[in-house]
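Below: one structure, written as structure tokens.
Per-chain residue numbering starts at 1, and chain names A, B, C and D are given in the order in which the chains are listed.
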Amino acid sequence: MGLLSWLIFIPFFTALAVILTPQPKQIKWVALIGSGIHLLLTAYTAIKLWGVISQETFTADVFAKLYFTEQYDWFKSLGIQYMLGVDGMSMAMVILTSIIIFTGVLASWHVTERPKEFFALLLVLVTGVFGVFLSFDLFLFFMFYEVAVLPMYLLIGVWGTGPKEYSAMKLTLMLMVGSAFILVGLFALYHTSGQGTGVYSFNLNTLASFEYPKSMQAWVFPMIFIGFGILGALYPFHTWSPDGHASAPTAVSMLHAGVLMKLGGYGALRIAVYLLPDGAKEWALFFMGLTTINILYGSFGAIKQKDLKYFTAYSSVSHCGIVLFGVATLNFMGVKGAVLQMFSHGVMTGLFFALIGMVYGRTHTRMIPEMGGLAKVMPWLAVCFYVAGMASLGLPGFSGFIAESHVFIGGFFGNAWNSSVAMQVMTVLATMSIVVTAVYVLRGLGKVFLGPITDSHYLSLTDAGFTEKLTTGILIAVLFLVGVFPQFLIKLIEGSVLPILNRLR
Amino acid sequence: MHDMIAYAWLIPAFPFISFLLIGLGVRLYSQKLAGIIATLSIGASFACALTLAITYFGLAPDAEGLRPTLVPWSFIWVDYMEGLRVNLGILVDPISVLLMVVVTTVSLLVHLYSMGYMKGETGYGRYFTWLNLFTFSMLGLVVAPNIIQTYVFWELVGASSFLLIGYYYERGAAVAASKKAFIVTRFADLGFLLGIILLGYVGYPLYQGSGVEGQLFDYTYLTNPQNITALVGTGFLGISLLLIYMGAAGKSAMFPLHIWLPDAMEGPTPVSALIHAATMVVAGVYLVARLFPLFSTTPDVLEFVSYVGLFTCAFAAIIACTQDDIKRVLAFSTLSQLGYMMFALGLASMDQPLGYVASMFHLFTHAFFKALLFLGAGAIIHAVHSNDIWHMGGLKKLMPVTHLTFLIAVLAISGIWPFAGFFSKDEILLAALQGGKNIHFIGGLLVAGLTAFYMARIYFLSFWGSPRSKGSSHAHEAPLIMLIPLCVLAVLSLVGGWVPFSDYVTIGLTEHQGGHGSSIVPILGSLVAILGLGFSWFVYGRGESARSDAIAAKWGMVFGWIKNKFYMDEVYQFITHQMIFRFVATPIAWFDRNVVDGAVNLTGWLTRRASSIFTLIQTGQAQTYGVWFVVGTGVTLIMLWFTKG
Amino acid sequence: MNLYHFIIFSLFLFSVGIYGVLTRRSAVGILIAIELMLNAGAINLAVFNRYLAPDKVDGQIMALFVMAVAAAEVLVGMAILIMLFRRKKSVDIGQLDILRH
Amino acid sequence: MSMLPEIIIILFAFLIIALDLIFLDKAKNYLVPVTVVGILAACAVLIFNNSDTLMLGGRFVSGAMHLWLKVTFLIATLLVVILVPESTSENLKNRLSSVGEFLTILLFTLAGMMYLVSCQDLVTLYVSLELATIPLMVLSSWNRDDQGGEGAIKYLVIGALASAFLLYGFGLIYALSGELSIPAIMPQLTEGSPALYLAAALITAGIGFKLTLFPFHMWAPDAYQGAPILVTAYLSGASKAAGLVVALQIFYRLFGHFIVDWAPFVAVLATLTMTLGNVVAVLQENLKRFMAFSAISQAGYIILGFLGNTGADISAMIFYMLVYVFTNLAVFTVLIVHVQQTGKETIQSLRGMSRLNPGLALILMIGLFGLAGIPPLAGFIGKFFLFNVAAKSGYYWLVVLAVLNSTVSLYYYLRLVRQMYIEVPAEGDKPLKIKPLTMLGLGFVTVGMLGLGLIPYFYEQIGRDAAQWLAF
């Protein structure tokens, strides 16, 4: 079991450990220790990778340079291997997921109903996510991708609130439809390259070595991009996200909005753009337009939301739009910005949903009009909410600004294949979202936290406990660190983004 | 002494360290200690700023009399592309040193003053944390060596002003005001960001070819002549500068974007003194000054800047005459003075830089006497417990020191001879005259008169006559800690004018500085000022308010319009709430819930509908199954036959 | 009497059988019709063996097996019918439609 | 003597009937163990001395490929036999009567299926097919109630129709080729004459009946619902596998030359079967009828394999069939235990099972996810390879349709999971008691569901054997 296999399967073993622990009280501690160990291992891997990457220069190569690879044959006759590897981009995503699961476990400290199954399913979900980020064989990638989708139904269905069955079912089915498109795309890639070179394999780099005919790319690229876009809340397919997040329990919506929606962006970049450059060139403008709607639509939609979770869900639809917008710009800054935005938005939404969970735990209502003046009673949560709000509207000093500035400058600089005027117009429209975000963030938070206390019995509410302070503390520290010292993350990501762009030329 | 320039980074560092210290730790233990640490840190950074100023201005100017611009310290912050690297660092040049001194001085005095003013407030520690954060971000903005860092700290300044305006977060009005301030400035910053990106987009191809050391967004690159000529060639420079000016206009509350400043008075008065008088609002002027070499290559943009400045100047002065809340009057007066600075900058050009120098000089002097006015007003409000000037009166005897300092400030702003205002305003008018811009000259004169009028008005109503409310009758002198800053500022307002400004802050051709050239301008200025004061004395000075009501009644309708600030707030309210929220946000929210979501539910419904139809095929009759079986075989036969081809 | 007569005859028998299965109301009638169809198949086999591959006897052997299978088929049918008749006092296949949709 | 396994099964059948007759109810609780011993003996003989032999003058062949298929049937029957004691314990409402005859008939059908695998000529094929079908008609009326009778009658009428069509088809083949042994016929049938197409259509109808393909599946829901749940399990598992074996024998060994250009027809048939099976299953309430439609849709996925004609395609089908039998029996085991002990057959009756006996609920959930094709279960991997076959022959639209279909199937499988995990158990529900033998069966099946997919040995081995069998 190499380093990366450990990274994938520690959560799985923790899940088993959780199932075997006798008393309910110990369960959450076992889960916490498991995710803690995972966080340490991720840090170790990140530093080790950073040591290797900082020496390398990535100017010319056309294939993703992978490190700490593990490669064993699985179904030899079909060219399927158990192949793991890591490069800058996937390392960033693994760091994000590890942080989110650690804080997710902390945030669900007060789950009392069937904690054993809850934590086990949560950890299985994360195993799937880690698997996706670390596997470079498309069959394995697809397998972990679907493993990540499934526990979601039970987590929302059993522990959710409101119309939980409906939203759990809608979410699971829409994501499965997404995987339908991806599967067809994979088969198209596999068979075209197989017939072309005679070598049938699902390995990402061998698939990348084949020059796919333009006609095939023209229909396979949108198929895969939309398949991943459905998970990444691409415009017309985003409707599962508000319902899904509103009904999901805290830790699940943290993981879901924070990490699972990034699978969409990651997959679109890693598979669609990397393997099908000509398709990407052809469709970039179309998807850029779609994501511009995505950004503005999400932010405008959030203004009038009454429920705090719908409010955050629409905001994450808008921010995920920025991720896909960055991918669609097809230039160095835009794509790098997309990956940065994945990381920063992951942490931000994780923080948002954790806080909403804490507020909901106290006031037992998520309706914004019903709450008011809570800052007097819970100052720590109010400050953290405002930090999350400021980070999400792109205040410099937090990671949001770094990512958004990358994407918007990248969008404005345009690329060599699409009309730069159209891209610039769309970028200007997308940049307007920073104002609309400011409007809805301040309106929403102002109504909930500031002003006089509306309901007398809110006076007796308590401020954040230790675990809550720890959760919010960690997430805010990450937001702040990436915001003020982004070079570590940028250098980590640049190495992995360059090959994708070199292939475009 | 030289190493002070190398250690210039200490100036912003002190407030930042104390912000973190107090914010995370100290304020939870003892509020008082937090106040002390905050003030000490600003004191330290003030000392550094002063020594820096001395050492910097000690250096000999180069051949044409221009001071060197140095970037003593910077570190790599974000690496966008190989040609587009953004550093965070310190830039030392005349106007940045000037601003550093002004910001640290006023901030120190406001900190001292606040220790008295905010005593007993629940959020005492929180107040000082945000004040330190503000000072740090303002200093960061001032010392920015490149335009991206300016934008970064620009936003941080906006955020900290949002926090400070919303300090009394229990009051709905304060929350609304802070939200309005942030959103309006944020809207302006959108323009600023787009301007930067356009500038980058236009400049990048040129920069890449030239192989110049230093980065594209650095001011050193943007302001040296041959780069400018290359940039002018692209044709987009005008639009990007206009967009950048939009950001500046937002922050310095120029005409269309001014609505947030009067409402920002909801914050505590020392905050208004620091932020909405001396420091933040001048950030816009500073930005235009910083990019002045670029602006000067596009005269039509400068023209636009000057006319917007002039209009704001007049517009605000007129409204100031009708306001009842003392802080609103001062806010509109700030708007008007900012208008002065902006149109002075608009007049200038590289070969006639007098406007530029005058604007900077006015910024320097205005910071002191406007801060003094606000702090004085603060002392009065603290004593009378009401902002309304009609509740004050007769404070001359009850608050002697405040009265004296307030009087000095009123005279200074009106432009009376020995005080600072006279020199800087006179220089602006001189620049207007020399530049041949007669409209600006006449406008400036009229506004000077109006300024004198409304300033004298609040002076007479608050200090002369008899106390008109219970509060003002029991008013007692402000505590010592609040009086010291008042006296210091009063001295500065007095001395500020005499500083030989032109040989410190210069730009372009220096021989046209002409300290006090033709003499008619000062005479005219003083005359208009005295006229304003006299008229105000005539209306308000003599104790009986019947006269002012008579005037108000005569121009009822016009007076009402002006008093309600020409209904600009209501227009904005209409645009945002009725137009945007009702016709855009709600339809989108509805559209998403019903149409897009509906489509998804439709597919679910269709499947169930199809299911209920298909189940009917299973009729239960064995023989119908048999029919399906036989017909099926037939169809299979036909299909196999067709696949034969 | 050559091959074609037999083919036509077995085809005729087969189609009558199908018609019988699909239209007879009584289950016993259906079983008879099934018997007809199976025998048509057996005839086919015997005739093809006689006319097309005279030297071998596979066809006829298969015909024998077919008869055995047909017998088994109808036997089971009758058993189930009797069980049903005892309960429902009728062999009308149309009434047997509890299990539907 | 490679026909030993079949002979052992038949001997044990007679042994069981003899024991039952002689010892009457004294031997009641020995019958099941004896059957299990018999099946295990056959299995042992089959696995250990398997050799490529030809017997009975070329009418019986056995080789590596046949091992896999026969093992599938043996295991399917073994798992059903293990569950017989569940259905015969005293306190049950609808107890399974006369266990002796039940087991004997079961063994006869097993023998029939095993002969089906290794038959080489049309006579043996036809007889063993009928041997594998007619006893099931008897079994499906075992409850001796109205529903059982009605289901059996429909099964019989359509079954007889199908066997007549099949027979007529074989007659025409015999006419065209003059031969009855399959390896001899294949070279004869090269050009497409009208008689050949009529024969193909008739035979397809026969196979369609057995595999429950679209126009020929009408009998299945009613027969599955009428039969006791034990027989339903056997019908949907082993009987469908037998259908696949017949289809393989005929389409690859008889009409080998035509399979390529019949691909569009196969695609249409697969689409119709899948879509109908899935769509109708959405609103089903009765568990047995629900599983019937699920089985029909699975048949739709399986015939996707017929779009290709290489060894890999056949191995994909056989692998998926193996996985399907395991997964299906896992689901049915739990359902059998539930239906027998609670007597209720509706989906709602599963309410709150996760709280009453979490282990059973977990295995049922894993089984359902396996049927829906969710990783890491073998169902996913089997479906992936099947879709791979369809994609290889260029039917991308069919792959999209198939995956959308499995998404719909996920919806109705999740309806069961919802009842178990989200709904609260109705008051008065007691946890189900499970016999140790069933526990063993459940363990074996769960390991099978997970192991078959993750361990590559199975798929690779089947792939090699299939290539060798096709050449033969």
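A few comments on the model shown:
As a convention for this text, a residue touches a chain if its C-beta (ideal position, glycine included) is under 8 Å from a C-beta of that chain, and two chains touch if they have at least 3 such contacts.
Just so you know, these numbers come straight off a predicted model, no measurement behind them.
Taking each chain's centre as the mean of its CA atoms, B is the chain most distant from chain D.
In this structure, the chain pairs C-D and B-D differ in their number of contacting C-beta pairs, and the larger number is found at C-D. The most central chain, judged by the distance from its Cα centroid to the centroid of all protein Cα atoms shown, is A. Note on chain placement: the centre of chain A and the centre of chain C lie 65 Å apart, centres being C-alpha means. If you average the Cα atoms of chain C and of chain D, the two centres end up 26 Å apart. One simple way to say how far apart two chains are is to compare their mean CA positions; for chain B and chain D this gives 78 Å. We define each chain's centre as the mean of its Cα atoms; on that basis chain A and chain D are separated by 43 Å. Multi-chain contact residues of chain D (touching two or more other chains): 153-154, 157, 161, 221-222, 411.
Annotation for chain A: residues 173 touch two or more other chains. Multi-chain contact residues of chain C (touching two or more other chains) are listed as 18, 21, 93, 96-100.
Chains touching one another, given as pairs, are A-B, A-D, B-C, B-D, C-D. For chain C in complex with chain D, the touching residues are 10, 14, 17-18, 21, 27, 30, 34, 37-38, 40-42, 44-45, 48-49, 52-53, 58-59, 61-62, 65-66, 68-69, 72-73, 76-77, 79-81, 83-84, 87-88, 93, 96-100. Residue ranges of chain D in contact with chain C, taken from their complex: 121-123, 126-127, 130, 134, 137-138, 141, 144-147, 149-154, 156-157, 159-161, 163-164, 167-168, 170-172, 174-175, 178-180, 221-222, 225-226, 289. Across the complex, chain A meets chain D through its residues 73-78, 139, 142-144, 146-147, 150, 153-154, 157-158, 164-165, 169, 172-173, 176-177, 179-181, 183-184, 187-188, 190-191.
Considering their complex, residues 615-616, 618-623, 626-627, 630 of chain B touch chain C. Within the complex, the chain A residues that touch chain B are 170, 173-174, 236, 238-240, 242-243, 297, 300-301, 303-305, 314, 332-333, 373, 375-376, 390, 393, 395-397, 401-402, 405-406, 408-409, 412-413, 424, 427-428, 431-432, 434-435, 438-439, 442-443, 446, 449-452, 486-487, 490-491, 494.
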